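All chains are identified by letter, namely A, B, C and D, in their written order; residue positions are counted from 1 within each chain.
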Amino acid sequence: MRDQSISFRVKRGIGIAMMLALLAFSLLPILWTLILALRPATHLFEPIWSSPTALTLDNIASIARSDFPRALLNSFITAGASTLLALLLGVPGAFALSKRRFSGKFMASWLLLLLRMAPPVGFVIPLFLFYVQAGLIDTHIGLIFAYTSLTLPFVVWSMWTSFNQIPNELVEAGLMDGASLWQVLRLIVLPAARPGLVAAGVLSFLLAWNDFFFALVITRSSTTTAPVAIMNFVSYASVDWGAIAVAAIALTLPTVPIIIIANKYIVQSLGGAVKG
Amino acid sequence: MTSVRASAAMDRSYKLMLLPASLAVGIFAVAPLVGMFVLSFTDFHLIRGWSGKIGLQNFLRLAGDARFLSSIYVMAALSFFGVVAQVVIGTAIAVGLDRIVKSWRFARGIFVIPFAVPHIAVALIWLSLFTPTLSPITAFFATFGIEVPAMLTSQTGAIAAIVIADTWATTPFVMLIVLAALQGISPDLDEAAAMDGATRIRSFFLITLPLLYPTLLMVALFRFIETLKHFPLIFVMTSGGPGRATQATNYYAYVQTFQSSNVAYGAAIAVFLFIFAGIISFYIARSNARLSDA
Amino acid sequence: MGKIRLNGVNKRFGAAEVIPALDLEIEDGEFVVFVGPSGCGKSTLLRLIAGLEDMTSGAIVIDGKDVSNAAPGARGLAMVFQSYALYPHLTVAENMAFPLRMAGTPTDLAQTKIARAAEVLNLSGYMDRKPSQLSGGQRQRVAIGRAIVREPAAFLFDEPLSNLDAALRVSMRQEITELHRKLATTMIYVTHDQVEAMTMADKIVVLNAGRIEQVGSPIELYDTPRNLFVAGFIGSPKMNLIEGQEAQVRGASVIGIRPEHLDTVAEGGWEGQVMLAEHLGSDTFMQVETQAVGMLNVRMDGEVKARHGDKVRVAPKVDKMHRFDAEGLRLVH
Amino acid sequence: MFTKRRTVLAAALMLGTALAGPGAFAQQTEVDVLLFSMPSTLGLQKLAPDFEAETGIKTNIEVVGQDVFESRITLSFTGGTGDIDVVHTPAIQVQRWVEAGWLAPLTQTLSGMPDRDDIIPATLDSFKVGDDHWGIPFFAETGLLAYRKDLLEAAGKQPPTTWEEMLDVAAAIHSPDTAGVVMRAAPGQGFNMFVFPMIMRAYGGEFFADYPDDLTPTFNSPETLSALDVYIKLLGEYGPNGVSSFNFPEVVAAMQAGQAAMTVDGTSIVSQAVDPQKSRFADQIELALPPAGPAERAPALAVHGLGVSASAKDPEAAAKFVAWATSKETMTKLALNEAYPDFTRASIAEDPAVKEKYAGIQADFLDLRIAALQEARSDYRPLLPTWPELGAAMGENVNAALNGMMEPQEALDAANEEMGYILGQ
């Protein structure tokens, strides 16, 4: 029953053209950043086609020598540890929220959403003042905790949704088979909810990795993260576009493979969630 | 007879599972929020400190602050156009990948790349694209003698620029969710519609789209709330300009807090945003609860 | 061993009493079927026995031991779920090994048990597959296999056949019966399908609104239903229940006649018109609309020439008639 | 727990080491320095080992971007985090910080400096609040004009000496390829409010009725209005596409890429236009004094110094660092090593090596700079604690007028009213 009429082909052609345009919209800014990263300062401001061979690795070398790699490492440590912490604390909580019978589930889900949506600009100052008291300014642990305020509500909320898709019978089968609740979670529910776990982990990592604001306020020299460090290339009288482009790429490189690999799981886990 | 609890131990396990998460949420997330509310009733100033005065003065001032009111207008514009663009384009890509050019499955991995770029980098990349002296877009059109209008010099243009950058970065998220929903809609329905004589386009609008509607609404609300928190894009791309044309409410809170040191007033603006987000998330949570009951 | 006793078992959800206090004895090795319409509490009762729900009050005693406070896994019971509840990430062999792993059974002993169960259930060829690669019937068998390896005191089945197609359901029914004979272990089986109950059970427990309506062997229930509910629930096609004058004549508020206890007669009886005739070859089912007593289900042996619109006369076998009083309870002669 | 035990252990270790992070070993005298990024501060960072070798005091010099700096400094001081001993102190901030009690006076350190008279007096005065000095200058930037010699010659025009002439020259050389003029326009006390007062003052406009005695705002005076009209006309008619959102990076880029023929901006901007490493038109660009007006010539002035935090761990060591960093010796090294013509000691301009280096830019470059500095008013931007807010209010309204979102008079009135509100608070 395949329709191969001319009008069908035209429509398909329009569809493909639209997709190509959208693909260009997605990719060209990335390509532009790559070009910017490889252009010497003297040719930065002219179009690539007028001097296609004026390329240099100087920008990369200068980034490599700067403090930026250390900031990148800080980003990794804090985003990674906060994700790990959020999963460690949040997954059992989400499991209990999903499988335990109790009233107030609605309030709990509202609270979690609300926390995820709170504007950091409002509470970053109280957080800062508290951190000063607690001696957590410019420490990894302080930033990890701050990020956990973002990642934990997110992890609980999204794992809750994931666990709702795991049939209760699976939990009960495990209990009948002699497993404790913790064993059920570890041996049965988590493996069965793996797409959701991967999605929650990846998205929560991105959430922390993306942050600019917390790091700006509560870090100092030793724990600055990459999104803040990138702003150091905007200096008193000049903006080092080449360095910024290299830094932007460096900042994106670790997350691109993660998102490419994980997008399948995100779709899978969301798939169940949106079906309800 | 006394009540018997066969699964008291199980219940203890459940509570044990909930406890660390609840504590952590309370300490990391709720406590600073309480701090925010407290601050909003004071007159704390980063330089002048706190006079000891507590009251509603910040909220009263908000009501008459023209900059605050215009910041809401800017926020509304940024949110509305951003969300519409992201949902429309995200849906278009998802439908394209899932229904029109199925052989392009590989392209999904490419479409998601912008989602992995941190917002601060997004802002810097698009700033360079919207700076006429630097932009390859301007240069490209200039070779044909066409002058691309400068985006960042008018309110419309600057809002459009932020919306475009935001759309670029977050459309993939919408796409992933819509894709997920699409895969839950059986292609049988399209075939049934075809048997009933509907063209593919009509069957998309009459069958697929209504089925996607709850998903689209949900993702739109989510994106909407995220757009209320716009910061890096405005901070880097326009610094709130031209004039104050892109000082959205969240950014205005930043300006008050950090540039003018009026922490308490900034907190009051944030409280306003928080309450607003609370209303919307109440709606999300309620529809969500309905979904999971069904 | 698997003797189970329920003493005053009671369950409430808030204000709603789902199961009023109830007593029941299940003998070792018995095949007991809980049957009733959906929502009658049969699954809840099973889950109370399993320990998956908390009782509000009462006691459950297995082999003389009060397990009311024991965790589900500690009661020595195995359960087969309606959806099979196979662990999707584990292979067939790993699924079956899971309860043994939890019990800390040594690996080689576990292997032997699994192999034996697999053989009994014809699963030997599929041990390395994941549940998603199996057919419905195979999944059902894996679920049973996972229950068998534990060598439980009793098996609990929660509507295990409802997700299978009709043909498979019949053959699985036989397989489970066969299994019960082989293992001679207590089995408690929940279904809403009275055919399953009749064919499989040693003892049927008919439940309605959380209350036990009758306990007995299939034939006892069939021949002497204790009340109108059981009379109407057991048997297919349903027993004809007749109220009004015809019942009063016989000193009852309601009389019941099973379809096979109605005959066509040349004279007398009730006159009616055939509204529907189903010819199965071995039997003929008819629905006859009568003036006197309304619609009647009639079952005749062999092929009977009858078509829609034919006029017939049907008469009950009086000695097979059931009589019920105004409360719906059976009247004894 | 539910993940493998090893992972948990790794996480615990990671958290543990993070806890034991900074400050665990600090016993030697240390000075924490926070600077914002400019060639001289980056150069200072490189010279830090010299200071340690001389004094045995260890320094942690952190150089951050300007935006990061501003958020951080306020928070660190307010919160009393104690992570700053020596701080980069822009003169426009000094009153504010002193009012808040964040700085320690440096009067004693200053009087102990052997060659204090060498410091250009106008720059030193910027840091005087009350009877004390609260910072020692190390950077002074003034306004200069940069123009494309080749284009002006082709049009038969002389370099403009007044803003009127500037309009005239811009009109003559403006073309689709090369705009007549480019200036920063983005809203901000350090952005458009760094360049606009040059025009305003030239036309006789003042911020206040009688600074510092009578702080009644007069930003909506007819003088300022004519200045704003010139600013709008220059950029609106002869500026490159999109100029009204330009900040210094775009200004630099436009000059370097030949997209604009003239600019008036600080020395650190215009000197990049003549830097052959970055600019492809370096040899065509000449520098001159900024244009004057009916009232006066008012070159921009931006002075930065080093201050000592009131909560410095070791005030003495911190003061030592400040003295070292602003010493003639260090400044000379910086002037030679980096692009740093903005030194604040007069004698360095006499140093033959320095002279030779900056003659490379333009033979009379250092003289031009000194000449401009001499004409510059120390209250180019008023030294008030509320300046950041005042500057933001003016900058935003001026930018709105530039972009046609407000009528010039309307914008000035709005700014004036907001200034009154801020000062009245």
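The criterion applied here is as follows: a contact is a pair of C-beta atoms (placed from the backbone, for glycine too) under 8 Å apart; a residue touches a chain by one contact, two chains touch by 3 or more.
None of the values given here were measured: they were computed from a predicted structure.
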Furthest chain, CA centroid comparison against subunit C: D
Result of counting contacting C-beta pairs for A-B and A-C, higher pair: A-B
CA centroid of subunit A to CA centroid of subunit C, Å: 53
Inter-centroid spacing, subunit B versus subunit A (mean Cα positions, whole Å): 14
Centre-of-Cα separation between subunit C and subunit B, whole angstrom: 54
Centroid spacing, where centroids are CA-atom means, of subunit C and subunit D in whole angstrom: 88
Residue list for subunit A, restricted to those that touch at least two other chains: 44-46, 85, 92, 129, 175, 180, 182, 185, 231, 241
Contacts with 2+ other chains: residues of subunit D: 67, 71, 75, 253, 257, 259
Residues within subunit C bordering two or more other chains: 51, 71-72
Set of all touching chain pairs, with the criterion as stated earlier: A-B, A-C, A-D, B-C, B-D
Touching residues (chain side subunit D, partner subunit A) in the complex: 1-3, 7-8, 11, 14-15, 17-19, 21-22, 36-38, 60, 62-68, 71-72, 75-76, 79-81, 83, 248-249, 252-253, 256-257, 259, 266, 268-269, 272, 277-280
Interfacial residue positions of subunit A with respect to subunit B in the complex: 1, 11-12, 15-16, 18-19, 22-23, 25-27, 29-30, 32-33, 35-36, 44-48, 85, 89-90, 92-97, 99-100, 105-106, 109-127, 129-130, 145-146, 148-149, 152-153, 156, 164, 175, 180-182, 185, 206, 209-210, 212-213, 226-227, 230-231, 241, 244-245, 247-248, 251-252, 255-256, 258-260, 263, 266-271, 273-276
Subunit A residues within the subunit D interface of the complex: 41-42, 44-46, 77, 81, 84-85, 87-88, 91-92, 128-129, 131-132, 137-141, 144, 182, 185-186, 190, 216-217, 220-223, 228, 231-239, 241
Complex contact set, residues of subunit D against subunit B: 67, 70-71, 74-75, 78, 96, 99-100, 186-188, 191, 240-245, 247, 250, 253-254, 257, 259, 385, 388-389, 392, 396-397, 399-400, 402-406
Residues of subunit B that touch subunit D when the two form their complex: 46-48, 131-134, 138, 147-155, 158, 235, 238-245, 255, 258-261
